[in-house]
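Think of it as A, B, C, D and E in the order they're written, each chain with its own count starting at 1.
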């Protein structure tokens, strides 16, 4: 009775897992295929947001299939040496009872990206030779440290999605029955919605609010604080963009408990859609630029008290720019594109600087000059003349990835690569 | 002058002594009743009773031996991954002897933990969930990783309403046999907002002067200028009386022992309470911000404060002119 | 030239020798009488006798052995948490032998301590409160954490009135057998305000030239321009004679060895003594603020000071024109 | 097809191969003859042969083993004081074996070094002057500290005259067996000024298209090599499409890594080519100057430049409206 | 090119060789006679012989072994508290062997020390006053703490008059067997004012080109534009020809390798030589100040200088119009 409900009501078999039927099916089929022979995909990579049962499904299927589950977590494999110790052996030798075995490397997000001292290469190495299925789990599959797992030939990649509100609602209802806690459907539906697909947090909320109650009413749940998720941002945005007073615009930031830098990005992304008169758009952008100026000053001086002016200008400043501007019709709020672009282009920028260093060695210029005055011309050559490009690639000592980058894509690079091979 | 801190002396010991955060207290009491506590996040501004609530919960749960079943850690003190890895594990590993099969670990300022430390914490929470429940205390829950948030029941603490804070202070006043005037009470609220701990500390400092406590005492003790004075000074400046405004400013600096940079902060607050058009407020914020930044860069305080007042006077001209 | 510092030589040794800060001295004497001293905060601007008062208190309390029962620490010297944690603890741990069961620790520039260090200090004060009393010396009490403030009796020191400072200096002049002219005395007050320590130091530096001390000597010794010169330069600029004003400015810089940023401060002061309409002062104050900031940022002194003069000339036109 | 960048392939190896900068070459040759080289500063715009001259000098001096006696360092890649202190010292410390008792260190982009780094450099130059001679390469010698300048023989490189650049290119054209039309040659000069490196790179890129090279080809190559199509972006903004303009801007910054300062320079130049009334140009130039200034202090280049785009949208609207 | 620095080679060795600063030299000679030196502050602009005077004093005092009794430290090099605490102490602790019972420590750029370091210095000066005398060298004595000032005899150095500087340079010219034309001499004074060290360094750099030294050589060697060129450019701009003025500006930057911030300073100087009404000069001085500041903050030179030219064009219109 002392167990937290998320433990107590953890699914014991695959059937009990909420949502993601198709993903579970694919995963189960893959696990079962090991009974016949070792498949070409020796590892599965399950990814998706927290709290939707990724770990749970592995445990449940191990149970269902009667397999021994060897479970390891990030803290166990930060280094190459450790990973070999914990997973290398298990992947090769049989246990005592000749049982089947599943090796689970959970919470891969916790593996250090840059300082992992070879943990990820070691994992890939173990996967290459494993005799038992290996399952990797992470929230953010697109993190660049997982780049080596993106090869679909070698890895079964399964995305887990958020279960529907209805699925979670049903799950919560089941728990209420087991706990003998009568509950209003409204209350449960509210909790289901609020969880935003995070089943675990839904169960947690249910315990926090319901435990010890005779009956769970809508009024018991509605007061509960929101976790910081999009709808909070949306209401702040609306207030910031349409407030009539400085106080109202500023207040939301204090009340809503959101990350200021993130909010700034949201405002920057969405502001232009909500001002249709050029002079007012200019004034609003000006206010934002002023806020940004103070962000820069904070960075430079490390004096955080200046944050108050960032907030003034990004909220009150933006709001006060409005005289008559209205959006043309209903405009949905958009996720900040800049964040997305920046994160997708990070790897590219790193590649560029590597290339710059190679140019520098050959041409007696700085990396900066190389990227500004040499690389653009090199790109044209690589796009237009494969044989000259092949020669230059050799001269600069570019590797395959770098050739593809300079050529502007795999397709364009093919001619160069084959010419290099000859 | 007693050396005991009133903030400690008057801290509630049991949940039922907590006068504020009713809904949260009620939920916590139900945890006690059912002998089951999930991992929790207590989020909210300083002085809203987060730590107090956690301690009361433990007290109610374990009774007088609660100290043995409870551990407080400050994440920002010994920040980083090692706290989590080692101290926490050691504590969580040892089983409790009493009726309740788990211990409680309070992790203060959890939002100051690095991302790595939080990742490690996430794992520890999971592994020791049977023997240890975590209460993470944070100002902003947004700074806590989602996978951890999703493992915790969230509670948001809010500032005490004015009346409740007043009641609290009045109780202390009565007990300590001091005199607190109404304007002193107002000043404390003005300075401390709903931060109860800060309010009690200020009260104690003011009391140490041994005189009836009025607003002037409070402001002088906390080294803040009286908002009414700041307000008046801004108005005088915006009415065009530059020299008088400057005189007032200097008086405030001497009278309250305030640093120029602190005066700027107060001007910033007061400015949004002025009865002037809203867009003018943004403009004034720009002026204040500029001067504030100059001071940060090391410009002369005296010169810059004059410049600030001058800009306010000019803004006043414009306002009336346009 | 004697190597003894007059500021030390003429520092009062006992509370009853202190001529200023009457009210404070009285309260301190009552501590001595009762053989009990609470933790204290001495707040106020530099040179108002804070450290002197603390030393006198100790002297009166312990008599001639006071050095053994007293420790002075400068928080900004070895700033940070370690001072507090270690030095303070070591000192506070050892019990005193005399009649008074506690020692006194003077912590100078306590408002320069980081927040963390202050937190640590708070804990140390709490733990060793029986064996050690703290006197925190600060310019701004507002920069000290409230939990510390609420443990301390607050004292606010203010600038010496002109007459008391003059009297003080005249005593030294007589004793040291030097000649101080009235305009020299005026210049010292002009430069040092009520900061007594600064005044005595300036007097001693001026005396080292071995000549009767007039205003020129004082200004040249402290590296400040003569206000009359600054005043004249501003007037010339505002009369429209830009080139002449610029020439004067350069002369002052060479003659007094003044840095441009210091000239700015003086122009700022003189501004308010000019007989010009207030709206013009407003304008000029804004300009001076701008240029002050630019110099702080490292802009060219010559270019910026010219720019400032140019703005003064413009202002002069407007004044006459409008 | 050749497997080198032509700019390297046709880079002179010996001083006597250098066709340009005659006077400089002569002085350098006299150094070689006397087996003695003072510290030097090579100053001048990009692509005028500064690095080439330094390399040739070393080659002539040491013969084929010149690589061992020469070190190239780029100050903008490894800025800061430590390069100078450590790398330089290590290299300078080891004595050479050959006939010449010193090594040569080429410090490229020396005008990008901080003041502190230059101070350290100065001391290092002094200390190791017997075993190591420095050739500082810079765009502006004025940004190099005077004490360093006065220790160095100054050389000033200037842009190649049109005929010399043409001759150079024609030699390459002949050797590489490509066809360069007269209008192509004109276009290269038009676009590259006297920057030889840029000219050769443009030629090679144009040649890679495999067609006779006319002006069209040159312009298109240079245009493609410049990912910042600022002109188009300005037009889009002035046509009122802020979102599209912002998208373009983001691509330039994020995708192509163009520095904000380069974009704004480009905007400034394009501004004067716009077909809008002069007074609007002046107005916009003022705004560009303002944003340029903020670009340095702000946190995000994109946000600052977006604000400029919004102003352009506004200006476009007004222009059409009025 | 000899590697010896002329500024060293021609530096006076004894007080009696010093041609300038008569009054100061006299006072110093009296110290030598009395075998006693107080702590001193030598204040004044760069290149006025402060260090030279200190070295001569030591030479005269100790004779040929003066190097052992003298230590030179640069406060801004290894700024901060530790220099003072350690190096100084070590040096001051060891007693001298000769007739004079104290050593001399020259602390250059003492006004660049932090307040903390100066505090520590003050204590060190006090403690070792018998065995060590300090000569603090500073540009502005006002930046040295008064408690230090009051311990030191003040000396104020001023710029050399034009004739003395010319004489000095001519002596070198004769000795080194070089040709310096009158316009070269003028240019050196134009660029260096009375800063003798800078003048000698510039002369040596110009001489290294091996040609008779005229004004062009001087300007090009020091990376300053020829004032005549700057003058012409301003005129062109004020005549309304923006594009031509911008071309000239770029040419100057290339030709003389001038940094933007230096061009600004020169524009500022030329401004006052223009034959335009004074009120226009006033206006332009304001504008130059603004742009100077932006450049310091790191704004783009090209954009900001263009903007400045645009403002000059505007001013020209107004001038002719009004």
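Everything that follows uses one rule, which is that a contact is a pair of C-beta atoms (placed from the backbone, for glycine too) under 8 Å apart; a residue touches a chain by one contact, two chains touch by 3 or more.
Remember, it's a predicted structure, so these values are computed and weren't measured experimentally.
Student: Which chains are in contact with both chain A and chain C?
Tutor: B
Student: How big is the gap, in whole Å, between where the Cα atoms of chain A centre and where those of chain D centre?
Tutor: Roughly 40 Å separates the two chain centres.
Student: Mind checking the centre-to-centre distance between chain B and chain C? Centres are C-alpha means, answer in whole Å.
Tutor: It comes to 33 Å between the two C-alpha centres.
Student: What positions in chain D touch 2 or more of the other chains?
Tutor: 297
Student: List, in ascending order, every residue of chain A touching at least 2 other chains.
Tutor: As it turns out, chain A has residues touching two or more other chains at 297.
Student: Beginning with chain B and continuing through chain C, what order do the ring chains follow?
Tutor: From chain B, continuing first to chain C, the chains appear as B, C, E, D, A.
Student: What residues of chain D sit close enough to touch chain E in their complex?
Tutor: Contacts found on chain D: 27, 38, 43-45, 111, 119, 129, 138-144, 146-147, 149-154, 156, 158-159, 261, 264-265, 268, 282, 285-286, 288-289, 292-293, 295-297.
Student: Could you list, by residue number, the parts of chain A that touch chain D in their complex?
Tutor: 268, 272-273, 278-279, 281-282, 284-286, 288-289, 292-293, 295-300, 337-338, 341-342, 345, 348-349, 352, 360, 362-369, 371-374, 376-381, 384-385, 387-392, 394-395
Student: So in the complex, which bits of chain C are touching chain E?
Tutor: 1, 3, 5-7, 74, 76-77, 197-198, 200-205, 208-209, 220-224, 240, 242-243, 246, 254, 257-259, 262, 291, 294, 297-300, 302-304, 306-311, 313-314, 317
Student: Tell me, which parts of chain A touch chain B in their complex?
Tutor: 1-7, 49-51, 73-75, 107, 109-110, 112, 139, 198, 200-201, 204-205, 207-209, 211-213, 223-225, 227-228, 244-247, 250, 257-259, 287, 290, 294, 297, 301, 303, 305-306, 308-309, 312-313, 316-317, 320
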